[in-house]
Amino acid sequence: MKMNINKDEIQSYAIEQLERISGEATKNCYQCGNCTGGCPVSYEMDIAPSKIIRMLQIGKIEAVKAANTMWLCVGCLQCHSRCPKSVSVASVLDALRQATFRSGADHIDVKEIPVSFLKNTPQQAIVCGFRKFVS
Amino acid sequence: MEAELREKAKELLGSGEIGVVIGFGWNKRKTRTTPVFITKAEDTDKLVFNAYCVNNLSVYLTRKYPDVKAMGKAAIVAKGCDIKNLAVMIAEGQFKRDDTYIIGMTCSGVGYKQELIEANGGELKPEIMPVKCHNCDVRNPHISDAVIGETTDFTPPEEPVGMVFDKIKQIEAMDAKGRFGFWEEHFSRCIKCYACRQVCSLCYCDRCITDKNTPQWIDSSAHARGNFSWNLVRAMHLTGRCTFCGECERACPVNIPLNVINKKMAVVMEDAFDHRSGYDPEVHPPMIVFDIENDKEEFIK
Amino acid sequence: MKIPYYPGCTLNTTAKGFDLSARESAQTLGFEMEELEQWNCCGACFPLSPGNVMALAAPAKVLTNARKEGESVTTLCSVCYNVLKRTNVALNEDKARLAAVNDFIEEDYDGSLKVVHMLEVLRDTIGFDKVKEAVMRPLGKLKVGAYYGCMLLRPFKDVGIDRHEGPTIIEDLLTAMGCEAIDFPDKIECCGAHLTMGREDVVEKLSGNVIASAVNRGAEVIVTSCPLCQYNLEKSQESIMETNAGHKEVPIIYFTQLLGLSLGQTDEMAGLDGNKFDIRPLLKERGV
Amino acid sequence: MIKTLFKKDALAGLIEAVRKDGGEFVAPTLVARQASYKAVTDAAAIETDYIVPQNSFKEVLFPQSEAIATFKEAGTNMAGVEVNAKDTVVFGSRPCDAASVASLRSVFTWDFVDEFYTTREDKAVVISIACTKGDSSCFCTSVGLAPDATEGSDVLLRETEDGDFSAEAVTDKGKTFVKKHKDVFTTCKAAKEIAIFEPVKLDKVDLDKVGESLADTTHYDNDKMWGDIARKCIGCGACTYSCPTCHCFDIVDEGSFFEGERRKNWDACQFDFFTLHASGHNPRDTQYKRWRNRFMCKFKIYPGKFKTKGCVGCGRCVRVCPVRLDITEVMEELS
Amino acid sequence: MSRIGVFVCQCGNNIESTVDTGQVASDMKEMPGVVFSCTYKFMCSSPGQEMVRQAIKDKRLDGIVVSACSPHMHEKTFRKASESAGLNPYKCEIVNIREQCSWVHHDTTKKIGTRKSNDLTRMIIERLKKNKPLKKINIPVNKKALVIGGGIAGIQAALDIADGGREVILVEREPSIGGNMARLSETFPTMDCSQCILTPKMVEAELHDKIKILTYSEVEKLDGYIGNFTVTIKKKAKYVDESTCTGCGECMEKCPFKADSEFELGLNKRKVIYTPFPQAVPNIPVIDAPNCVMLTKGKCGICAKVCGPGSIDFEQKDEFIEEQVGAVVVATGYDLMPNERFGEYGYGKIKDVVSGMQFERLASSSGPTGGQIFRPSDGKVPEQIVFLQCIGSRDEAKGVSYCSKICCMYTAKHTMLYKHKVHDGQAYVFYMDIRAGGKRYEEFTRRAQEQEDAMYLRGRVARIYERDGKVVVQGADTLSGTQVVIEADMVVLATALVSRPGADSLAQKLGIGYDKYKFYNEYHPKLKPVETVTAGIFLSGACVGPMDIPESVSMGSASASKVLALFSSDEMAREPIVAAVNKQRCNACWDCVVACPYTAIEKEEVKDRQGNVIGWNANVNEGVCQGCGVCVAACRSKVVDLAGYTDEQVFAAINAF
Amino acid sequence: MSEELKKVATGFEPKIMAFVCNWCTYAGADLAGTSRMEYKDNVRIIKLPCTGRIDPLFIIKAFENGADGVLVSGCHPGDCHYTTGNYHARRRWRAFKNLMDFTGIDETRLQFSWVSASEALKWVDLINKVTTQVKAAGPFIEYQGLSEKYDDGLGELPAETEGESKEC
């Protein structure tokens, strides 16, 4: 992969918006990788949590949006609670989800969820799942 | 050539500048040449120069001969090979170039086995010349104040020839035990007469370390152990200095092949440090200098 | 003593045993958990991005109603606790956000409610010593792993029920109950939570890790304070047992259930029937 | 005079007989292409084509280096060493070398009897062979010896034309030896003896005159004369170490902390520290003075003090000298 | 016979656990010359030392051997104890039976340890028998210091020494003191103006009555030794009479010729008669001789015409000044590796690729652009600027394996300076690691990224080329794992700090060591960081290796305190481990003279009573000799020996092996 | 029983002498101790200020005194406490090693190394390596035998005596 890095992307509105929603300053991250190290689901992610931040630092928000990372984050906050720079990747991913929802895209189709699931699973899981996966 | 030499000596002694001419003369029975010290112009007829003149007279310019020094400024009759020793002595501050008048003799070789020369009707055939003469690149003296004799156009062979070199190869081909055995054989014969040391103009130390006994550096007994040490030390002290004049081996009454070990070390010096002794009186012998970049150390683990 | 109590959605449905055992235990320990008159779903997840104000509305409503009924509210479910407490902190930290939320829910909440967890009540109000005294049925040599999950602990600054990397509050309670508390490395790791919707594979792996970690240290029983954790652990244990015949089943029960048992309640009172893996054979084995 | 025949073929048998009795057989053999006295076990190794061996056989009686005491732990526990001398036969010695035995004995017995020497000498039988050839360095006739002199030899052999030797037992020791080995020394008729080599008699040399000259202190103190003669001497020990009569030795301790030996080693008056005093003074401070001493020793002190020969005319010093300093020239000079 | 005492330490259980010290003591008692032996739990403790002292007195010991820990630990302790008991300290020897025996041979049966301890002790006992009592050497001290280099380190050293009341000669190669610091715009991490804090110090040095500043001067030769150096300083011709010049600047004004300014690193021109920068100290111009038309062609001479006091002197010659000093502080500073070394970055030919130091000048309000950031090619304000760290540094292929240490910090500073001047510009930094170890340093580099929006990319830049008026930078961002390309307007190279050209020849003149990068070697990198192997010569600043201003200043002050400590007494005592020549036997072959690393051996004339030279000897100067013994091994006839490590001592030890 | 057989029969442990410089190798050996590393116990150290102080004769003396192996070690080039002492040593060793090789002192018997003050591990490895190698090479009976041979008078002629003529 080859990327052009430029001021326009780094200082783009999309990034600025993301930082506003998430309340996190991605440039505070110094890429120690603790988040990736502690994340229970990083093994499943297209782009590891720390690398998500990196891509945002260099203005590559589209690549981040295309990754499955935000949909895998369970919000356990291991990353946040251990970050030496107090950057919450979970918040950034949450903001990414928000941004996605605001553009009208859902991650799952509610209608496809089997009834048995809805019946047997604790409510909170269903509620939480809806909150995380659909707008 | 002899006439030229005598003329030059006469001139030098006559000028008053020179106190003594160190040269060669016949012994009484004219069977051998021997060092002579000519101080008077009228004695210069005693000077000879021929194939019998094997001695390296530079030894008389060392500090061991205060009585020679007392005779005034010396002029020395020197073949190219002897001049190499003078060059090292100058490099090591034993005298200044100006302190000695070098009468350089062009030379077509010398012979150690006098009776062989005689058997050849006084003619010097290559078979009876020492190795140094076969490989000599200073038959025309390289440093001198005056050159006596016709310039020779002898060029030494590219690859040095002679028994010494064969012997080196032969020894190198042995295993360690073989090499040790070889030298043990020879060194054990040593009688510690120190003729090798005394005849060498580069062994000019006022007091040789063998003569020191606090501490006793080298066992003074002529048993194998003491002999081994002595010969190793002698070779080491001449490393990078020896000019291969061959006097030590010639002087050795028990025929220890000292030339082999000396030449081996000279080859090492040339290979490792690109140093050949006796050519440049300005260049310090290699063992007391170093080259940070180029000195190899692959053997130091 | 009455304590205002917020059960949340799950405790009235799949986690009835949690609710029941807690109420009964409270009785035994001399206080009453009084369910709020008015409550709604907390939303089950706290909005991580502060820009998402909407998601605060539901928990704010809970807080508002609770405040009307008292000065504090107690929860059992870790998730409810986390959401309510964090919402409360968030509203208190940012008065503008509080105003916005109030505007939206048309209430006038001032942020003065105290959100506590049942564990905190037991530790701080009742005291574990008192629990110890009240134990009627010591659980003998039962080796119990305390599983905290995420919501009880993180983020520490906002939630802070105990030390966030090495909490011991449940272990302390277990000790008071006379169990042998088993500490295990994965006790604060995530169970997979809502990924059970669509990514059971991830949940199975994460919960499986937790169980393996606990079993590895010798736990025979795992206690939780979160219905989703309980569900995930049970569910993944089922699949573990499908592939690994040698796996000895580990009952996953709520800490209040075990508490209830130690306080001498009946199995019904402790709501043991709701659990997939029954603890009773184990207790029997131990002669409890 | 009993003359017997010594068959060349019998040599092997003699070696065997001597060695069987625990004795040692020393004879000239080739070492580094030079005939040298060495202990031999095999008759084939014995060299016959030589003028004089490179070394003198004084090594048999007076080794170059021998332990005379041992010690342990840094000079403590000193203990003497027994003289370990074997019955030794020196075969093929030259009459000049043999003549040196008397000189050596006189030195090692004149006040203190050096048992290391005397024991060895007593156990040695010297079988000399008269010279049938020589070279220009030989000058035995000039010091009162001859190529067939018997002085010092126990048995003197003369070569015969068919390669055997006619033997003459000179001393009692020799006679006993001949008697003991009568299967070797037979009495059958010998072939004609080969003519003896006649070295050049140095006409000018007159030993008495040399002695007188040396007694004359003007000669003795004539630094210029000695300087001119011996300035070229380089001070090595080649002459003294090959000389059959030179006998100077030095005593040194050597070894490690754990064990060591006190050794008696040859020393040479030609070495510059030979006469160095502890004070730092050296009475023979230049090389020609050291050389003068050697000459004095040979031609004045020996004959004067011991009435023995200081020089046996073997010519070794002339042959080995790296600078061809010729003792005979000086003898002529001073005659 | 010697009377030696052997003291075997148990070191608690450190030695005793694998060495039967009692056995060692009793075995050693049997050695000839040993009259006393004992063991003790902690020989280095007060009671232990008292035991040693008591035994020396009671048993009339003439030498002691302490078998204990490494001599590097307690040799001094026991020598001191010996001395206080009346025994010459050099008759006390330590045997290392801890670090080199009990701690490395874990045999609990004690067989191995005991045997080895016995061997080692025996060797040292034998060695000790040959020890001679030695006396410390006293050397008179000349209380004047020489400081070489007028940068901040040198200025600091000079000021501190002068404030301590001692005279200082400060030698500077350039026409003004100030060094590299004078070029800097602002300093990290405080962002205060470099010249604002430096200039007062320069002036203070100029006005100090104990400091003599020699600018445009170089050290030609240094002879002598600690306390007694003779330095020859070459004072290059300035063609301006310093005593009369008023520094009015008229000459510079009127001079019609210009040359590239060295101070501005080629970013600007200066006159041929010039001071390098306006605040120069001394404020006296010099004529750049090769470029002066008057000096080269004999025409012009305008400066002389306009000079009021008539200070211009075209006849001035280089001068050689000789001074006697007691100590030397070397503070010659650093240089930057030239950009020409980097082919991949355009061999220094791309105009908009500049060095960090050039950027300093661009950012400096006294610089060629008045502090505005304009790119050199066309004077445009760069919208995107790329800073490259580790250029040459940590690059073994370029011959520099070290970290230049200050680049991380000054690059961060550069990004801030840039951001402050070009508000909407974007700065990029390619780095490999951020080395911000220093007080407030890490915070500083984070600030550059977090508050000042510098974009840091972890990776090296592979190449730089020009395209359409842009400088295209192609490198890697290893954090995202991609190749990245930036179309920048300007590139700043944080090139490696290297030693000054000629640093090696100065070191050879001074007799101090240097590493393969020609940075000067400390005596000990940790414990003697400002000393050199040559006593009396101290180091300050970046001539030792890359360092920043506070470190340079600390070293300057540290050197000064060393100098002042040296100057605090009239004489100084030195360890007597020095070589000595047996002059009666010296052959004057000069092997030792050539071999000596310290030029401590000189050729000495031997004269008879009439004063005629009758020969030569080598002679060791005790003040200079450091006791390495190279001469001893070089001497064939062994007329040189090293006190404390004599041949006799070594042989005795080998003999008891 | 010959000396060699005797040594083999009693489990030969080589005697090794090490000449080391005070500043690097000696300190490195100290560090090995402080780090409680373990190595073979056959080496006896003689400390000298600098490798430049090491005279080749020390090494000969060590062999004379029964060393089966000699180890010489000092500071790495550039690290010399005395700036250049080890460069001198390096040159001297090159010549001396060649001489020793040529005279049949096997390279196992005489080894050279650079060990810095921080290279405790290298020191340990070095000692173990040298000890193992010298042990494998066996007792240095050739050299040690020198002091017993050719003593007192005219010893028997060695079997392989081959005369060397003066160079012709």
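Here the chain labels run A, B, C, D, E and F in written order, and each chain numbers its own residues starting at 1.
Here is the rule we go by: contacts are C-beta pairs under 8 Å (C-beta built on N, C-alpha and C of every residue); 3 or more make two chains touch, one makes a residue touch a chain.
From a predicted model like this one, the values you see are computed outputs, not experimental measurements.
Asker: Among the other chains, which touch subunit B and subunit C together?
Answerer: Looking at subunit C and subunit B together, no chain touches each of them.
Asker: List every chain that touches both subunit A and subunit B.
Answerer: Touching subunit A and subunit B alike, sorted by label: E.
Asker: So using the touch definition from the top, which pair is joined by more C-beta contacts, D-E or A-E?
Answerer: Comparing D-E with A-E, the pair joined by more C-beta contacts is A-E.
Asker: Can you tell me which chain lies farthest from subunit F, using the average of the Cα atoms as each chain's centre?
Answerer: C
Asker: Take the average of all CA coordinates in subunit E, do the same for subunit F, and state the distance between these two points in whole angstrom.
Answerer: Computed from C-alpha means, the inter-chain centre distance equals 36 Å.
Asker: Taking the mean of the CA coordinates per chain, how far is subunit D from subunit F in Å?
Answerer: Taking the average C-alpha coordinate of subunit D and of subunit F, the gap between them is 42 Å.
Asker: How far is the middle of subunit B from the middle of subunit F, if each middle is the mean of its Cα atoms, in Å?
Answerer: Centre-to-centre distance between subunit B and subunit F: 32 Å.
Asker: Approximately how many whole Å separate the CA-defined centres of subunit B and subunit E?
Answerer: From the centre of subunit B to the centre of subunit E is 48 Å.
Asker: If I count partner chains per residue in subunit A, which residues reach a count of at least 2?
Answerer: Residues of subunit A never touch two or more of the other chains.
Asker: When you check subunit D against every other chain, which residues touch at least two of them?
Answerer: 31-34, 64-65, 256
Asker: At which residue positions does subunit B touch at least two other chains?
Answerer: 186, 207, 209, 216-217, 219, 223, 250, 255-256, 287-289
Asker: What part of subunit E is in contact with subunit D in the complex they form?
Answerer: Listed in rising order, the residues are 31-33, 122, 126, 652, 655-657.
Asker: Along subunit B, where are the residues that touch subunit D in the complex?
Answerer: Checking each residue of subunit B against subunit D gives 27-29, 31-37, 55, 59-60, 64-68, 186, 189, 191-195, 197-199, 207, 211, 213, 216, 219-223, 226, 247, 250-251, 253-256.
Asker: Hey, which residues of subunit B end up touching subunit E in the complex?
Answerer: The contact residues of subunit B facing subunit E are 63, 92-94, 204-209, 212, 214-217, 237, 284-285, 287-289.
Asker: Would you pull the subunit C residues touching subunit A in the complex into a rising list?
Answerer: 8-10, 13-15, 41, 43-52, 55, 77, 79, 150, 153-156, 164, 189-190, 192-199, 202, 206, 227-228, 231
Asker: Contact residues on subunit A for subunit E in the complex?
Answerer: Touch residues, subunit A against subunit E: 1-7, 10-11, 25, 27-28, 30-31, 51, 54-55, 57-58, 60.
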